[in-house]
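Several structures are given next for inspection.
Below, chain A partners chain B and then partners chain C, in two separate complexes.
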Partner chain A sequence: MGALTDKYCIVGVGETPHMRPSNRTTLSMACEAVSKAMADAGLKPSDIDGMTSYQAGDSTTSAHVATSLGIRLNYCLDILGGGSSTEALVAHAIGLLEAGYAKVIVCFRSMNGRSGRRMGGQVPGGPIPVATAEGDNQFNMGWGWTTPAQRFGMSAMRYLHDTGCTTRAFAEIAVAHRYHASLNPKARLRTPITIEDHQRSRWVVKPFRLLDCCQETDVSAAIIVTSRERAYDLRHPPVFIKGGYARTMTENPGWNYSRPVLHYVAGNYGWKRAFGMAGISHSDVDFISCYDAFTFTTLIQLEANGFCRPGEAGEFVKGGRLQIDHELPSNLSGGHLSEGYTHGIQMVIENVRQLRHRADDACPGWAEGKHTYDRQAGCRQLKRARICCGMAWGYENMASCLVLGGVMS
Partner chain B sequence: MSEYTKPLPKPTATSRPFWEAAKAHRLQLQQCGGCQAFIYYPRDRCPHCLSDELQWKPVSGRGRVYSYTVVRRAATRSFADKPYVLAIVELEEGPRMTTNIEAPPEMVKVGMPVTVCFDDVTPEHTLVKFKPA
Partner chain C sequence: MPKTIDYSKLRIIPDFDTQEWWEGTRQHKYLVRRCNQCGHKWFPPLFPACGKCASMDIGWFETAGKGVIHSYVVVTQPIVGAFIGTVPYVVAVIELDDCKEADGTVTRVAGVLTDEDSEAAIGLPVEVIYEATNDPKIVMPRWRITGRVAGAWNFDEHEARGGGSRNS
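Showing the complex of A and B:
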């Protein structure tokens, strides 16, 4: 195990509702999320001295949020990032804590991802945003390649061709994550679906159907990282940071040009580091989160991170394996596909709640502080939630991971 | 003819020879003097051996569809006129190019042989596209 394993913890989580539209600024939403995360941890503004965020040129900054909440920062940084940034910022926070730059660090994301700037930067039926395709974009935008669906669809199509997998494997993921959303009062889409519902939904960008695509929302979410010593004084059982990675690979210099195998993605190069750092094997993992901007991005990361062999993810997910009370529950809040799209951070938040054994569900027992595990009654707390592997995706050549453990691990 | 509203490429000093050749309906790519590899997109150093001895050379224009998507829900109004095929074509010389396949979407398959064609989208701009061979 790594020298820093279990030395630092996630102690607070919070988020706004998933809205469409929010009719609010990203600053207003971030202040709500950070305030909720502080309240969740039992921390005051004066306890926070570090803040970081990731964004895509679409959000407020740490300095604005801290000022608005009366927080004085010893360290602040905002990065341009994406789906794999939360896990990378947690690793970054460990470095800051270890070096003494700050003692308690907030990481947040705030975005009007539906009503404002959508991923790809554009609005269907709306104004044409750019007349010229500059820089690297001169080699893709002119042909109509601008969005994540188009981009990841390219990898997905080749994956189907190379492996013989069918889109029914995508459906397994949509069904599992929707079932979890049905147990989450915060989720946008809560009506369970079937594989046939998925197969009948309309094409958006082939090979992706409507039910392969996430729910874009306006939302902010925040987490708080601090030392184990500080964590023991706070409101919830600490959730320990055990290992991770934030990995790129060389084969893709920019977009999808000239890589040997389009769907051999960055996670393949990272997971042994993360698992080695955490001192775990795949069989120790009780549940996972797996970035699901599209069903395919979950599917491909299962094999990239060694949960199954290359080309076998379609078989691996069959029969509901990723559903709660099955072998490897995935995205227990419903994920991007059904809870709402946060650009990654909500995966970490749900994992923290599960590891605390304090899922914020509608379980009748939870009002008295005890989960019943009765799914019919709305309980989504896992019975066994000790080790979680969170796998995140920026794009094919950028991925991250965060292995977390509960107090019982 | 109605006004062309899709994004138009803005060449740089490095990429201009590619776009000027396209305007003359020729496909040329950089070839590395160090390791002989053809590369795309245009750049200043070979991504394989880091040599900066890159020379523009004509290529065959023949290749195969490496992968593709059919865009039925366009991201912007300017692409919403009809479904279109986005593709990555792997050229005989090795490099892959992002492009459109000028064919009915249901006809396009992974591995399909294709050949280059040129779409003069404005008097000043030509896009390199491909059609079934």
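Showing the complex of A and C:
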């Protein structure tokens, strides 16, 4: 086990609703999320002395949030990044805590991801009227190849070719995550779907249909990281940071498409370090989260992180394996596909709630950890939730992972 | 007739690292970057150093502009205004025929096919063509299928037959 394993904890989580549109500033939403995370942890503004965030030039800063809430920071930093950033900021927080730069650190994301800047450059009203292509865009905008769906689709198509599986494997992911969203009052899309519903949904970019693609929402979410000693004094059972990897890259990261295998992704380079640090094997993992910008991205991360062999994820996910009460429940809040879209931080939040045994579901006693486990009645708490492996990525070229453990671990 | 792209709705801004590449397409030459020290080739030319030996002593290699479709997507929903009238269109990643290196390294490029999506398939040979834009300094490369080969892999056919054996 790593020297820092179980030494630091996530002690507070909070988020705004997933809105479209929010009609609010990213600053207003971030203040709400950070306030809720502080209240969740039982911390006051004066207890917080570090704050970090990630964004894509589309959001407020730590300094604005801290100023608004009367927090005097000993450390603040806002980085550029989307998927895989939350886990990297947690790794970064561990370093700051270990070195004594700060004692209690908030990490947040705030984005008007639907009403403001959308991924791939689409403007709220539809296509970009006149597009200017400079920098990287010189070599994609001119061939009408800009959005994450269009880019990931290229790897997904080759994956189907190489493995022989069909888009029915993608459907398994959509069905599983939607089922979990049906148990989550906060989720935007809560009506359960079938594999046939997926197969009938309209094309966005072949090989992806509408039900392969995540939501776009306006939302902010925050988590609070501190030391184990401090965590024991706070409101909830601590959730321990056991290991991970952070923004691990593939070779040739800026241009994926000349790599030998398009769907051999960054997680392949990281998971042995993460599992070694945590001192666990795959069989110890009770549940997972998997960055689901698209159904396919979940599929490929299972392979990259060693949950199944290369090319076998399509077979692995068959028969509802990723659904609650099956072998490897994934994205218990519904994920990006069905809950909403936060560039990954919501996965960490759901994992924390599950590990605390306090999933905020339809059970009247959830806040005290009292659950019925009756899925018909809307309970989404796992019976056994001791170790979680959270997997995230940006593009195929970059990935993070966060192994978390509950107090029973 | 190939479906047209409305280049009047697209403005390309070449930069220090890419202006010679755009000068190449203007002269109907399809260039990739080449390292003057070790011969490694790469695309796109955004990267100003060699990924194999880190040299910044770099030049160009004029390819024959021929290759094989390595993967593709069919865009049905336009995001960039220039493509509103083009959907559905195929964007392909193309492995160039004449850029293979001794250690197995390949160079792949991307572009829009002139062909219908029902015609597209992994494994098919393609070649570059050039299209004028409203900006006299910018000529856009595009790709067309030049033949049929046995075993080419089309997405719709794959789905219709319920998948198939592993190909890698």
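Keep this in mind: the second predicted complex is superposed on the first by the 391 of 409 C-alpha atoms of A that agree within 3 Å, B and C clash if a C-alpha of one lies under 4 Å from a C-alpha of the other, contacts with A are read in each partner's own complex, and residues count from 1 in each chain.
The definition used in the following text is that contacts are C-beta pairs under 8 Å (C-beta built on N, C-alpha and C of every residue); 3 or more make two chains touch, one makes a residue touch a chain.
These figures come from a predicted structure and were not determined experimentally.
S.K.: Once the two structures are overlaid on chain A, check if chain B and chain C clash or fit side by side.
M.R.: When both complexes are placed onto chain A, chain B and chain C end up clashing with one another.
S.K.: For A:Lys318, select first, second, both or neither according to whether it touches chain B, chain C, the two together, or no partner.
M.R.: neither
S.K.: Per the contact definition in the header, classify A:Arg384: touching chain B only (first), chain C only (second), both, or neither.
M.R.: Neither partner.
S.K.: Taking the superposition on A as described, I'd like to know which of chain B and chain C A:Cys165 touches: first, second, both or neither.
M.R.: Touch status of A:Cys165: second partner only.
S.K.: Going by the contact rule set out at the top, does A:Lys272 touch chain B (first), chain C (second), both, or neither?
M.R.: Neither partner.
S.K.: Let me test your reading of the model: by the given contact rule, A:Val204 touches which partner, first (chain B), second (chain C), both or neither?
M.R.: Both partners, chain B and chain C.
S.K.: Who does A:Asn140 touch here: chain B (first), chain C (second), both, or neither?
M.R.: Both partners, chain B and chain C.
S.K.: For A:Lys370, select first, second, both or neither according to whether it touches chain B, chain C, the two together, or no partner.
M.R.: A:Lys370 sits against neither chain B nor chain C.
S.K.: So in the superposed three-chain picture, is A:Arg309 touching just chain B, just chain C, both, or none of them (first/second/both/neither)?
M.R.: neither
S.K.: Go through chain A and flag every residue that touches chain B in one model and chain C in the other.
M.R.: Residues 120, 122, 127-136, 138-147, 150, 153-155, 157-158, 161, 202-207, 254-255, 257-258, 262 of chain A touch both chain B and chain C.
S.K.: Where on chain B is chain A touching in the complex?
M.R.: 5-12, 15, 39-41, 43, 47, 66-80, 84, 86, 88, 94-100, 105, 110-111, 121, 125, 127, 129
S.K.: Within the complex, which stretch of chain A touches chain C?
M.R.: Interface residues on chain A, with respect to chain C: 120-122, 127-136, 138-147, 150, 153-155, 157-158, 160-167, 202-207, 251-252, 254-255, 257-258, 260-262, 311.
S.K.: Enumerate the contact residues on chain C facing chain A in the complex.
M.R.: For chain C paired with chain A, touching residues are 5, 9-15, 18, 22, 42-44, 46-47, 51, 70-84, 86, 89, 91, 93, 104-108, 110-112, 117, 122, 140, 153, 155, 158-159, 162-168.
S.K.: Can you name the residues of chain A that touch chain B in the complex?
M.R.: 120, 122-147, 149-150, 153-155, 157-158, 161, 202-208, 253-259, 262
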